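Below are two complexes that have chain A in common, paired first with chain B and then with chain C.
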Partner chain A sequence: MSPALLIARKEAGELLLSQRGLAWLMAMTAALSGFALLLVSNTELSLLDNAQVVYDMVGIVGALGALLAIVVGIDSTGGERERGSLVPLLLVPASREAILLGKIGGIAIAWAVMHGLALPYLWAVGSTGQNMVQGAIILALLGTPAVLGFGFLGIVLGVRLASARSGLLAGLIVLLLSASPLLLGPGLRQSAIGRAFDAVNPFSSLVNAADAAIIDSQAIVAQWDHILVAYLWLALTLWLARAGFRRIVQ
Partner chain B sequence: MKLVLFAAACLVVFATAASAETLAVDLTPDPRNPTSPQMGDNLAFHTVIRNTGAQAVDGVIAWISLVQIDKGKEQPIDLEDWSAHKAVTAASLPPGQTLATDWPMRLIQAGNYRVVVSAVSRDGTRLVASPFADFTVRQKPVVESQRVLPVALGVPLLLAGAMLLRGRKR
Partner chain C sequence: MLVHIHSLQLSRGGVRILHDVHLSLAAGEIYGLLGPNGAGKSTTVAAALGLLVPDAGEVCLFERMPVPGDAAIYARLGVLAEQNGFYDWMTAEGYLGFFARLYRRRLATVEVRDRLARVGLGPRPGQRIGTFSRGMRQRLGLARALIADPALLILDEPTNGLDPRGRREIHDVLIELAGRGVGILLCTHLLDDVDRLCHRIGVIVEGRTVAESAIAELVRTTGHMARFRLRLSGGLPEVRPADCRITLLACEGEWCLVELDPSLAPENAWRELMFLGWHVTEICREGGGLEDLYLSVTERRAA
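Our next item is the complex of A and B:
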């Protein structure tokens, strides 16, 4: 088995088999459950347009996935360094690229698990209405690069900042800013600054594409500009993660 | 001379005021509208704005308004979620000409509603309103507890079970 695959399995095992990783996943699903229960228990919310509910759920899953990815990313470098396990890992007979690939694999598996856990919620709130399938496709197509990008950013922050706590704080601030389109509707982002922010923000891409495909029933292929921004974000953060990881071993 | 100027000014004012009054707005629901609509259904209304006067009316603006008329819940409704088509304009409406518009609407909340289309012109002095069109939207629960509860309670419980199993193995 290749070293990258071994490291990815170890990282995924820490998420799926350790108490700490399972506690993270449980916190994520508890948040999704809380939102779903709020939808059925609140008279006003339970009457929301079904497409709106699917759109909201896609946004929340994206935000929680990005949060999980950034935590896993920071933990895979900054956390390992604080636990004293990063240096022994760097000394194993494997290339730095393979080690980084393993770390990236761990983040990808974390997102895949989160995505898998989110699908029943998407079905529960959206199966009677329109565009649930489009919601799942948008989540996979745009949520994946946006979320993985935050995981790669977590790797960079874990490498560059002195402590995992500092990395986590910085990562959460970036994530909060980036996920602001979930709170601020399109009307509040119509200024020149808002439009410029939307043009480069991967989370805006996810939210705007979800809005167009789920609520307005537009074709997913028509969202190519949003897809492009999300994948550019993925490429940029991957490049930063590679550069940061090389620097740690020099 | 002053008397002539005063008379001319009065004529201008009278002509201006009269131009707005020459608009007539008709409002009819689309015959294909569901007879008993429920939340999520789409309705359409048609208006015909006619210039019944002898002079062109410039700068015509017409817009749709929706109010809830349930007892104790009387309120104007923000159309943001209901309709993307909220207004229509015409640079000029010649005498005898009409401006026909369709107003699609998606029903978001249950209740009794009244829709009206209003029109003004650039030089007009008063609002011209269409007749009312009333409709009732039936309630439709969108998120059903039979599907949500098993998932919302089951998934975290499964993970809690996995955590307990891992704890015992250790």
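Our next item is the complex of A and C:
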């Protein structure tokens, strides 16, 4: 087995077998349960239609996935450095790229687990309509690059900042800023600043593509501009993570 | 040379930490790297491992300059770092198996258990590392450092947290490894470890190597008088040694205190005393050894 695969498997174990990883997954499940309950209640009271609740659920899964990815990214670099387990890993006969690839594998597994956890909730809120499949596809197609990009950003912050705690704080601030389209009112989103922000924000790409595909019933392939932004974000953060990890020090 | 460091200078965060560090370690040698807290020992080790980039000077491992991720160098290297962290959710067997596979070694469970037993860790099926004591973690760290049968071992405080029997066991392992040609760089504050294990030492103070040599050679060249308490049967003879390098300081009952000039080897002094009819039945060292040397070298520099 290659070093990258071994390290990815170890990272998966860190998420699925360690108390810390399981606590995060439990927290994610609790948050998804709470939101799903709210959305199902709204549907039962006919306050929101099926398309709207699936769209909301996709946004929530994307935000929680990005949060988990950023935590895993910071923990696998800054966290490991603080716990003293990173240096032995950096001194194994494997290239820095292979070690980074293993760390990236860990983030991808975290997102896969999150995606897997989200599917029953998507089904719970969307099974009465026709939008569930679109929601799952949007999550896979646009959620994956957006979320992985946040995970790579977590690696960059973990490498660059002195402590994992400050990395986590910086990551949460970036995540909140990126997720602000969910919080901004329609008026502000239509302003020049709002539109410019939307154009470069991977999280906006995810929610706007979900809006177009689920609520407006547009074809997913027609969302190529949003898809492009999400993948550019992925490429940019990967480049930053690679450059940062190559220079990681004790 | 397994390790060769010459005129190493290194800064971190704009502050110069290492000014002029020298170090050389040959195969089969145990080298003790000593110095006060914050002197730059761990930084020197990090630079030697290629984890920090020097500003100037020469750093060679296995005759080549280490760079981050240098698989050819790291495959022959075992390291026990100062901050020794583990994956607490793993078992000791799982942890060692994971690192063995990273070193491209496929070890059967029996072999993994043998490796753990070698450093004094008995089988603990299902017990997670998170429940291990400090000493057990230290032993596990050493087992990890030895997993690839390295040609060079770099150990930072390897006997920290170990009980006296554990220390002795680790000493025996290190002596055996050195006998098989493994070079060992030992960073420690425990001078007993250094005295028992090391062939040569280097002392770093404020980022500079202030002394580097064999211990006996350093004691002699730094002018440290060695003091010994001798037990004599039949009291103190009338005849005193003619060699002015042997000074009789005090006598009380059957014990007397002598001081030897660094240029005189102790075995030659005992030979001369016996020749003069001194019936020496017991010899105890009274300071003047490594601890005094260390204090003197580090204080002289600080002053």
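One rule holds in what follows: the second predicted complex is superposed on the first by the 237 of 250 C-alpha atoms of A that agree within 3 Å, B and C clash if a C-alpha of one lies under 4 Å from a C-alpha of the other, contacts with A are read in each partner's own complex, and residues count from 1 in each chain.
Note that a residue touches a chain if its C-beta (ideal position, glycine included) is under 8 Å from a C-beta of that chain, and two chains touch if they have at least 3 such contacts.
No experiment lies behind these values; they were computed from the predicted model shown.
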Partner chain in contact with A:S18 - chain B first, chain C second, else both or neither: both
Partner chain(s) touched by A:L228 [first = chain B, second = chain C, both, neither]: neither
Touched partner set for A:V53, first chain B, second chain C, both or neither: first
Which of chain B and chain C A:V87 touches, first, second, both or neither: second
Partner chain(s) touched by A:S95 [first = chain B, second = chain C, both, neither]: second
Touched partner set for A:A199, first chain B, second chain C, both or neither: neither
Partner chain in contact with A:L6 - chain B first, chain C second, else both or neither: second
Touching partner for A:L176 - first (chain B), second (chain C), both, neither: neither
First (chain B), second (chain C), both or neither touched by A:Y121: first
Chain B and chain C footprints on chain A, overlapping residues: 17-19
In the complex with chain B, residue positions of chain A that touch it: 17-19, 22-23, 25-26, 29-30, 32-33, 36-37, 39-40, 45-50, 52-53, 117, 120-121, 123-125, 127-129
List of chain C residues in touch with chain A within their complex: 46, 49, 51-52, 68-69, 71-72, 74-75, 77, 79, 81, 83-90, 98-99, 101-104, 141, 144, 148
Of chain B, residues touching chain A in the complex: 39-40, 81, 106, 108-110, 139-145, 147-153, 155-156, 159-160, 162-163, 166-167
Parts of chain A lying in touch with chain C, wherever the complex brings them together: 1, 3, 6-7, 10, 13-14, 17-19, 80, 83-97, 99, 246-250
